[in-house]
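Several structures are given next for inspection.
Two complexes come next, and they have one chain in common, subunit A, joined by subunit B in the first and subunit C in the second.
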Partner chain A sequence: MTLAALGIDVGSTATKLVGVTAAGDIAWRRLAPTAPRIEAQAEALLAEARAQPGGERAPTVATGYGRKLVASATRALTEITCHARGVYRRTGRAGTLVDIGGQDSKVILIGAQGQVLHFVMNDKCAAGTGRFLEVTAGRLQLPVAEMGDMARAATAEVPISSTCTVFAESEIVSLLARGTPVEHVVRGLHRALVHRVTSLVRSLGPRPPYFLSGGVAHNAAVAAFLGEALGAPVERAEEPQLMGAYGAALSALEP
Partner chain B sequence: MPNEIHVPSRREAIRAQVQSGGGLAAVFPYHPPRALLRAHGLLPVEVWGPPGRSSSRGDAHLQPYTCSLVRAGLSFLLEGGLDQARVVLVPHGCDSLQGLGSVLLDFVKPAPPVLTCYLPRGDRALDRAFLADELRELDARLAAALGTRPDEAALLAAVEREERADQALGELLEGRARVGLGEEAFYRLVRSREYLPAEDFAALAGRALAAPAASARPARTPLVVSGLVPEPMALLSVLEAAGATVTGDDLACSGRRRYRPTQGPEPFARMSEGMLSGPPDSTRGASVEARLQHLRQLARAAGARGVVFLTLKFCEPELYYLPQLREGLAQDGVRALSLEVDLAEALPAPLVTRLEAFVETLR
Partner chain C sequence: MSSLGALRFHASVSLLGRAALRLDRLRTEHKLARMKSAGPHLGPPLMTSGWLKELISRHYLTGRYVRGVRKVAWVTSGAPVEHLKALGYYLMYPENHGAVCGIRRWGERQCLAAEDAGYSRDLCSYARTDFGTVLSGQTPVGRLPPPDLLVCCNNICQTVLYWYQVLAHHFQVPLVLIDTPFLYTEARPHMLAFVRKQIDAAVEVAERTAGRSLAPARLEEVMRLSHEAIGLWLKIMQTGRNRPAPITAFDEFIHMAPIVEMRGEESTVAYYRALLAELEERTRRGVGALQAERKRLLWDNLPIWYRLRPLSESLAARGVALVASTYTNAWGELVERIDPTRPLDSMAEVYLHPILNRGTGHKLATMARMLKEYQADGVLLHSDRSCKPYSVGQMDQQRRLAGELGAPALLLDADHNDPRAYSEEQAENRLQAFLEVLGA
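Moving on to the complex of A and B:
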């Protein structure tokens, strides 16, 4: 398929690249852990995309925290606009998008035409972000990808009182030292993360339907617990990590 | 060309004043009696931080929930930053500033005399009479500290000079579109009112307005900027790069100091009337209704669909009404973004994203 536009989302944890057709469908994608040399990595990934049919002339929009480092991008847009655009294209509905990325989380109110009505960001603290799960998984010596299933399967949970990632780590150590089963701790950790995100959602006022995007959306427990906390189901976007890059590519299609 | 206008820095203004044999008054925000200080031979130089410096020296004397403006100012004083001043003036704009005045008078006791003055919370005849008395009292204390006794004619001349500068500030803010300066450079010019002699500021503003704009600027998203002070100043460049421009100013350091000209033979009455005549300001205890009405008018006149509130962490007067102001503006379809900054910190990347995203939502 011929690529008509490209979107690159340089996140703190992963860099995502999406190529879309003139109709706005995803035709090409790449995802790689963000390298320390962002400029070089972005250009290498873009070179690969531009080698695809149509890719050479495809306009490119960059987003994500490293958006300004993508020298060959036609334009840069924030991840707020791009995530909203990507998810709206997929769902076609107004609502509240919760995006939990590697190092921040955001809640975006999407209007009936897909426009951003309002947004809030947690960008000051790692609690409530993917980093919280990564750090605690490291402490528990668990693969982060398995934590969600473990949390859902657990039959009990312990409350994690520390809202700070660093303090949560030491709380885990004392819980384990007291013999608390690992899965109860894992479930408690998910609940703590969701608690943070829920306050962010509430600060905008509850406006269902709720959508979840970002890398953490792969974790089924987060979506389930968030739904419980908000009292309404939370739909996980398909290819949730790509929504920013997808929205960027859709924006690149626009004149 | 407007972009060739040289705006003297605080340092340059201070050096020029000292070289000419004049004295300096270090004044804390928000509504200092500039005319009175000038009449006593002092150049009022406002202390807004300074930004981007550690405030740890001041922290030891203050409650942890004190705003960074007060923390930074106190640190600067303790580091000797205000040693050149002949007096330090702390107007009572809020509880934190009042607390600072007390800390300075009772504990720190710096070498330059510390003077405080109370700003009434309203704009009734009673309030104006009260402030006029405060200023007379301040005049006596300045005379005692400095040995200067300006007569009525000197006081009136000082009042008129300041009023011309106030008018120039207003014209500058009104004529924003004509001045071919970028957002940050424009605000460096506006904020030179904080430390330049009134006549120099008026002349500078006049030159900026008279110079032809370098080139027509592309259409930009109009915004109102509210809050206390546009720090870090780099925020303004971010705003410009995002395609926005400030068309309405409700900042405590500039737009809320558009005082009206006064008339009459009595200098203290005129000073008092002028100082209380500015737009509704949280640091003068304006009601939320008055603040909202002013912001609504400003947004309408500025053609702005968005207001950016630049608040300082722990600033109670400013933060208190924010939810109601946001709600009220939303009824007019005007969106609001609040960015909380700490004067000691450099521009944080997440703030840039929020500001850019906000501008994107307004397009």
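Moving on to the complex of A and C:
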């Protein structure tokens, strides 16, 4: 398929690249952990995309924290606009989008025409983000990808009272030292993360339906617990981690 | 007054200082006249900026040599000062000095000096900047004159009560406290009487410290000059209602210094007359503060002093003009409450009514009115870690602005003087996303 536009999302954890057809369907995708040399990595990934049919002339929109470092991009947009665009294209509905990325979480109110009405973000704190799970997984010596299933399977949970990632880590150490089963701790950690995100959602007022995007959306426990807390189901976007890059590519299609 | 001190004052300030500052102003004006724009996306610089620089420099130069020549009072930004002016006091505003430190990137080091002495990082960064200055003796303006009198009014916050007690303890000088009851709704007669009584008592202490009596005619004169300057300041801000706006709130943050610390002076009135004339001329010629104004925003709360320039540039690059702010407006909106023929009663009324001494509903109503008058497309709410009274209620205000008033509003987390509480990347990201929502 011929690529008509490219979108690159340089996030704090992963760099995502999506190529779309003129009809706006994803035709090509790449995902790589973000390297310290952002510019070189972005250009290498883009070179690969531009080697695809149509890719050479495809306009490119960059998003994510590293968006300003993508020298060959036609334009740069924030993740807020891009995630909303990507998810709206997939769902076609107004609602509340919760995007939990590697270092921040955002709640975006999407209007009937797919426009961003309002948004809030976590402030200077990693406790409601993917980093919270990464740090605690490291402490528990568990692969991040398995944490969600472990949390859902656990039969009990311990409350994690610390609202700070660093203090939560010390709290885990104390809990383990007291003999608390790891699964109970993991379930408690997920609950703590969801609490943080829920208060962000509530600050915008309850506006279902709810959608979830960003890397953390791969974690089934987060979606399930968030749905419980909000009293309404939370739909996980397909390929949630790519929604920012997808929205960027869709924006690049526009004149 | 010692004759040596007086001689030094007149030589350094009245003769050499004034001449040097005038020369510097001429040089600045010459430079400004040759500048096409104040920045890559900004309009031409304001020519009166040279005059402003002269006024502020003269104020601090006077302060440097004033000890022993005139009595010195340190006052909070919302304190009644007309009686002090009339008694010949030199006034030092630690908050204004704090802003100077912030702009010159001295905020962090002053805060650290205070924290080293045990003051909590959670304390207001103006208070910490002041304590840091007092304890270290270091300031970008040379030297601050120690106070003979402290005047503290809690119409802006409660922190000042403890802040000024620390100063009183340190300098061992009298502290006058003027307690203004919080106005949840309207001011009642007994509240006005209560404040008036305290102003009378404050006058007595000021007279005793100065060793002279307050001359009623001189007080009326100061009040008249205050009134005139405040009226001019309001008109200056109101030129921002034009499209394009000839002045932005960023300019006002700088040009507001005289209305705060030099009210009641002839030179302040003359300066604001010139600034107003310049802005009216800009309006006639259709010259904007930005090269291309596309969107207009309202600012709420104190400025982020150490990021004024980058923020101004970043907004200007997107064609966004900050056409007004509730903060600068606070020094103009009370003009109608001043009656120079009833100076002490007027003072009681004016100093009861600052925006920070009134309920959050009043602030929302002020923003709603300003949005309309200035035809603004949205609001930037600076959630200031150091100014709780100004920041409280902003989340509700944001919701109501966006809801019933249809004005998108962004909460920007920062601190007016402590750069450590400001995260550049996060703030910039939020701001850009907000501008995308606005279509800027």
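Following the convention adopted for this analysis, the second predicted complex is superposed on the first by the 254 of 255 C-alpha atoms of A that agree within 3 Å, B and C clash if a C-alpha of one lies under 4 Å from a C-alpha of the other, contacts with A are read in each partner's own complex, and residues count from 1 in each chain.
One rule holds in what follows: a residue touches a chain if its C-beta (ideal position, glycine included) is under 8 Å from a C-beta of that chain, and two chains touch if they have at least 3 such contacts.
This is a predicted model, so every value here is computed, not measured.
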item: Room on subunit A for both subunit B and subunit C (clash or fit); value: clash
item: Contacts of A:T78 with subunit B and subunit C, given as first, second, both or neither; value: both
item: Subunit B versus subunit C as contact partner of A:S203, first or second or both or neither; value: second
item: First (subunit B), second (subunit C), both or neither touched by A:Y88; value: neither
item: Touched partner set for A:W28, first subunit B, second subunit C, both or neither; value: neither
item: First (subunit B), second (subunit C), both or neither touched by A:F132; value: neither
item: Overlap of the subunit B and subunit C footprints on subunit A, listed as residue numbers; value: 65, 77-81, 104, 115-119, 121, 123-124
item: Subunit B to subunit A touching residues, read off their complex; value: 335, 349-350, 353-354, 356-357, 360-361
item: Residue ranges of subunit A in contact with subunit B within the complex; value: 65, 77-81, 104, 115-119, 121, 123-124
item: Partner subunit A, residues of subunit C touching it in the complex; value: 395, 399, 402, 408, 411, 413, 423, 425-426, 429-430, 432-433, 436-437
item: Of subunit A, residues touching subunit C in the complex; value: 65, 77-81, 104, 115-121, 123-124, 203, 205
